[in-house]
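The following pair of complexes shares a single chain, chain A, combined with chain B in the former and chain C in the latter.
Now for the complex of A and B:
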C-alpha cells in the first residue's frame, strides 16, 4: 500500500487512469482475439483495423467534433463495412479469401491515409494529430477517453464470459452447432464484430497499423502454455494487459516514441519466450522430449487423468 | 437447443425419415436431383456412392446446413425445426481444427450442453452424460487429453460420443469411417449396431462396399440422383453398382451445363 501511494504521488491522476484504461483494452483484446485466432480470422481483423482510419477521418469531417467517442464510432463503422465487404466478395466473386483481404486492407488504408493527409493539408480544424491513430499515442489521451475505452473493453469481455458455451461450440464446430439449432452464422458474426470493436478501441494504444498484433499475439502466447480454452483466455488477457501497460509506461517516459510499436515489441518478447520455453509445445521442450522419451509430457498428463477418473469413480 | 417435441406422438405412423424430391444446387450446378425415398423404421442405413455424388450434401441439406433448391425432408413426418433435439449430427472429421484447445471431455460435453438453452453451461448431469457417452465408445480413460493427441479412429469416436451425449433418436453421420483403421471401424460399427438395437435410426455416409454389405441393414445408392434404395442385399447388386459408379459424366452433368448456359444467355 505504501509503495502504491508513493507511485501515485509521482504520477498524475490522468496518467494512472489512462494506464488503467489501456491495460483494460490490452486485456480485452487478448480475450476477444483468442476466438478470432481460433476461428482463423486474424487477417480479417487486420483488414478491419486498416479500414478504421477512413471512418475516424470521416467522422471528424462530418461532425466537426474531435471527441474520441465520435471518432471511434466512425472507426467501428468503417471496420464493419470492411468485414461486410469481405463477406460479399466471398459470396459473389471468385476472388480467393487471401486476395480479398489484401484488396480490402490496402484500398481502405489508402483511402484513410488520403483522407487524413488531405484534411491536415487543408487545415481542417481538429485534423492535426489524426496521424496518431496510425501508430498509437496514449500520451494524448484524457482520463475521460480512458474510461470510455475501459468500459467498452469490459463490456466486450463480459459478452465472452456470458456466451462462452455458444462461442466455443461455434468456434470449434460450426456445422454441429448449426445442426443442433444454434444460430451459428449470427454467433460467428458477433465474434468477428467483437474483434472489430477491439481493433477500434485499440487504436489509441497501438494505431491502425499495429493494433492487430494486440488481438493476435496474446492468444498465440497463451496457446503455447495451455490446451484448454478457459486458461487460454485468462493467459491471453493477462499477456495483453501486461504488454499494453508496459507499452504505456515506456512511451510515457519517452514521449517521442509512439505506444503501438512498444506494445507490440513487449508482446512479441513474450511470444518468443513462449515459443521456445513453454512446456509441451515449446521448441526446447519438444527437442528434449524427442531425444529422451517421445511426448513424455503428455503421457504424464494421461496417467494423471486416468488416476483421477479412477478415484472419482471409487468415490 | 430446446425444441417443442410434444406434438411428435401425433405422427406415430410417419416414417422416421423421408426425403421428397430433394434438389440441391451450388450456384446453378445441381449436385442432388429429385432424391425421393424414406426410411420407415430404426435401422443401420448406409448412403453409398462415388466421390462427389452428393452424399454429404444429402445429409447437410437434411439438416438445413446447405440450402435446398426444392423438395423437403421430414423426420417423423415433421420438419426439422420441430424435432432438432431428437437428432444428432456427426460431421466429417476433417471439418474441424483438431489443434483447438479443448479436451475430449470438453467436446463430448458440448453434445450434452447443445441441448440446453442460451448461456446454460450444464452441470453434474451433463458431465455424467458425457462420461457415460465416452465410456460407451471406450474412451473414458482419455477424457482429459487434448483432442489433437488422438488417433483418427479415436477422434471419430469422440465425435460419436458427442452425438451420443445428445441422447438423440436419429443419428446422421458423415463418413464416420474415413481415415479409421480396421480395428476401430469394427468398434464403431458395433457401437452403431447397438444403437440400432436400442431403436435408434443411424444414417451413415459410407464409401466402402465390402463393409457396407457386412453391416448395413439397408442402403441408398446415390450418384447425384437416387439410383436405388432398399435392403442391402437387394440393392448392392452388380448392375446397380455399375450404374452408380460408372455413370459419372451422365445426363445430370449435361442438364447442369445446359442450365448454366441458359442462365447466362437469358
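Now for the complex of A and C:
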C-alpha cells in the first residue's frame, strides 16, 4: 500500500486511471487472444470490432442517450451478430474464411458509417463524432470506465481459468473433443464470443486497431517462448500487461504521443526481440544450433515442424 | 466496356444530377473497377486478409511520402503506399516462416503495427502532414470534384484522373500476365515447377492491390476499400466458374455498387462510402442466395424437387401395389395435388371417381417397385437382416437405383423373380 501511494504521489490521477484500464484490457486480451490465435481466428476480433459501430449507432438511435454502458451493449450485440454471420457464411456457402472475415468486417463497418452519417445529417442529438468510437479515446478514460474494464477483463480471464481443460482440448483438436462427447461447437463459440466481449469492452479505451493488436501480438510473443498452453497463457497475459503499462508510461512522459499506437509498437518490439532471441525457436538460437551438434531442443523443434507439415498435408 | 457504358450513362446524367455528383460517381465507379479486378485475383488466391492489411498499412507510407514532400494524389504518394504495402507482405511472410505463426495472426501483427506507426507519425509530425485520420478512414468522395487538374484544357477532378490512370495500368498489367495469374492462382506449386516467376506474379498483383487501395483511399477510405476489393469478387466467384467471367462480373457488381450506393446515399443524405459497402453487401447476399450450384436457394429448390419426386414415385408405386393386391390405395399427404400433377403428366387417369394408372404410369411404377423388391431380395441374400427390416432401406433406395444397377443386382441374384416377402419382382420393359 505504501508503495502504491508513493507511485500515486508521483503520477497524476488521470494517468493512473488510464494505466489501470489499459493494463486490464491488455492482460485479458492476451490471455483470451491466445485461444483465438491457436484456433486460427486471430482476425475475428478485428471483424467484431468493426461491426460494433452498427450496434453503437442503433443503440443511440433506439435509446436516445449517449451512455457508455448502453453503447457497449449495442456494440456487443452487433459484434455477436457479426460472429454468427461468419459462422453462417462458413457453414452455408463456399466463401472461404479469409474472404468471409473481410466481407463481414467491411460491410458492417459500411452499415455503421451509413447509419451514423444519416443520423448526423438528420441532427439526432449525440450522434456527432460517433464514428470516432472505433478510434478510441484513451486519454479520457474515467475511473468508472476503468472499473468496468477491470471487471469484464477479470471475468473473462476467470472463464478461461475455469474452462481451461475444455478450451485447450477444443483449441488443439476440435474433432477429437466432439468425438469425446464434449459440446465442441458451444465451447468454440464461447471462445470466440469472449474475444468479441474483450474487443468491444476494450474499444472505447483503446480503439479498434489497438484492440486487434492486443488480441494477436501477445499470443504471438508467447508462441516464441513455449510449446505449452499454460505458460503460453501466462506469458501472453504478462506481455499484454507490460506493454500496456509501458505504452501508457511513454505517452504520459511525452504528452504529444497517443497511447494506443505506442502500446502496439511496444508489443511489436517484444515480438521482434522474441522472434530473434527466444530459445529453441529464435532465429539467432537456430543459427547457432545448426553450427553445433543437434541438441534435444532442436530435435523437439524438428518433430514439431514435421507434425505441422503433416497436418498441413492432411488439410 | 462496362466502364465505358457506365461513364457514358453518367455523362447523360450530368444535366440531371449536376457535374459535381457526376464526377463523384464517375470517380467511385473507376475506383471500384480497379479494386474489383485485383480483388478477384486476391480472393481466389485466398489472400483477402492481405487486402485488409494493406488498406490499413499504407498509412505510414502515405505519411512518409507526404513528409518527404510528395503531393497528395501524386506519384510520390502512390510510391510510398506501395512500399508500405510491400513491407506488410514481406513482414507477414517473415512471421509466417520464422515465428511459427499462422497466416492470419501474421497478417494481424503486421498491419496493426504499421497502422500504429502511421498514426504515431501523423501525430508526431503535427501540422506538417495534412492528413486527417478521419479522412483516411472514411474517404472524401463528396469533395472529389473540387480538387481539379487541367488535362489538355479540360478541368478534371484530380482523383478521377489518377484513378483512371491506375485503372489503365491495372488492366494492362493483368491483361499481360493473365495466363500466369490464372496458373499461379490455381496451382502455385505447378506454376513454379513450370518455370513461371510465381514471386514476380504475386508481387505484381500486390502492387496492383496497393495502387487500387491508395486510389480507393481518396474515394471511400481505408476500411471500405476492403469492401470494394473483396465483396464484389466474392459475390462473382459464387456465380460463375471461369476466372475471367468472375473478373467481369465483379467489375459489374462494383460499378452497380458504386452508382447505387452513391444515389441511395444522396437520397437518404448519408455517407456515400458507407452506402456503397452496404449495397455491395446486399449484392453478396443475393449472390449467395441465388448461386446456381451451392446457393441457398439452389439447394432448397433441389431438395424440394427431390422431395416432390419421392412423393410422386411413392404414389405411383402404391397405386401399382394396390392394383396388384386388388386392395384400396392409401392416400398420403398432398394426395389431391399429387394426383392432379400425375394426371397432367399422363401417368394417371380418372375413371368413375377413382384414379387408375395409364400404361405410361404403370411402366414408371413398375420400375420403382422393381428397384424396391430387387433391393429387398439383395439385402435378404447378403445382409443378415430379419425379413421385416428389409422394407425401410428399400423404401429409401428405390428412388435412387438406375437401370444399370438394377440389371447388375438382377444378374447377381441369378434372375430371381420372387422377393423375400413372396411378391413378384416386375421385369424391366423396353
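Just so it is clear, the second predicted complex is superposed on the first by the 254 of 315 C-alpha atoms of A that agree within 3 Å, B and C clash if a C-alpha of one lies under 4 Å from a C-alpha of the other, contacts with A are read in each partner's own complex, and residues count from 1 in each chain.
As a working rule, contacts are C-beta pairs under 8 Å (C-beta built on N, C-alpha and C of every residue); 3 or more make two chains touch, one makes a residue touch a chain.
For clarity, every value in this text was computed on a predicted model and none was experimentally measured.
In the superposed model, A:105 makes contact with chain C only, not with chain B. With both complexes placed on chain A, chain A has more residues touched by C than by the other of chain B and chain C. With both structures placed on the common chain, the touch criterion links A:181 to chain B but leaves chain C unconnected. Legend: residue contacts after superposition of the two complexes on their common chain; A:151 is shown touching neither chain B nor chain C. In the overlay built on the shared chain, the residue A:162 is in contact with chain B alone; chain C does not reach it. In the superposition on chain A, contact of A:287 is made with neither chain B nor chain C.
Once chain A of one complex is fitted onto chain A of the other, the partner contacts of A:84 are absent, as it touches neither chain B nor chain C. By the touch criterion stated above, A:226 is placed in contact with chain B alone, chain C being left untouched. Once the two complexes are laid over each other on the shared chain, residue contacts for A:212 go to chain C alone; chain B is not touched. Residue overlap on chain A between the chain B contacts of one complex and the chain C contacts of the other covers 40, 223. Those residues of chain C whose C-beta lies close enough to touch chain A in the complex are 43, 46-49, 51-52, 56, 95, 98-102, 104-105, 107-109, 112-113, 115-117, 119-120, 123-124, 126, 133-134, 137-138, 223-224, 226-227, 229-231, 233-234, 237-238, 265, 268-271, 273-278, 280-281, 284, 288, 291, 294-296. For chain B in complex with chain A, the touching residues are 1, 3, 60, 63-65, 81, 84-85, 87-89, 91, 95-97, 100-103, 106-107, 110, 113-115, 118-121, 140-146, 149, 162, 166, 172. Of all residues in chain A, those touching chain B in their complex are 38, 40, 162-166, 168-169, 171-173, 175-182, 223, 226-229, 232, 295, 298, 301-302, 304-306, 308-309. Interface residues of chain A facing chain C in the complex, by the touch rule stated above, are 37, 40-43, 46, 50, 89, 92-96, 98-99, 101-103, 105-107, 109-118, 121-122, 131-132, 134-135, 209-210, 212-213, 215-217, 219-220, 223-224, 256-258, 260-262, 264-265, 268, 271, 275, 281, 283.
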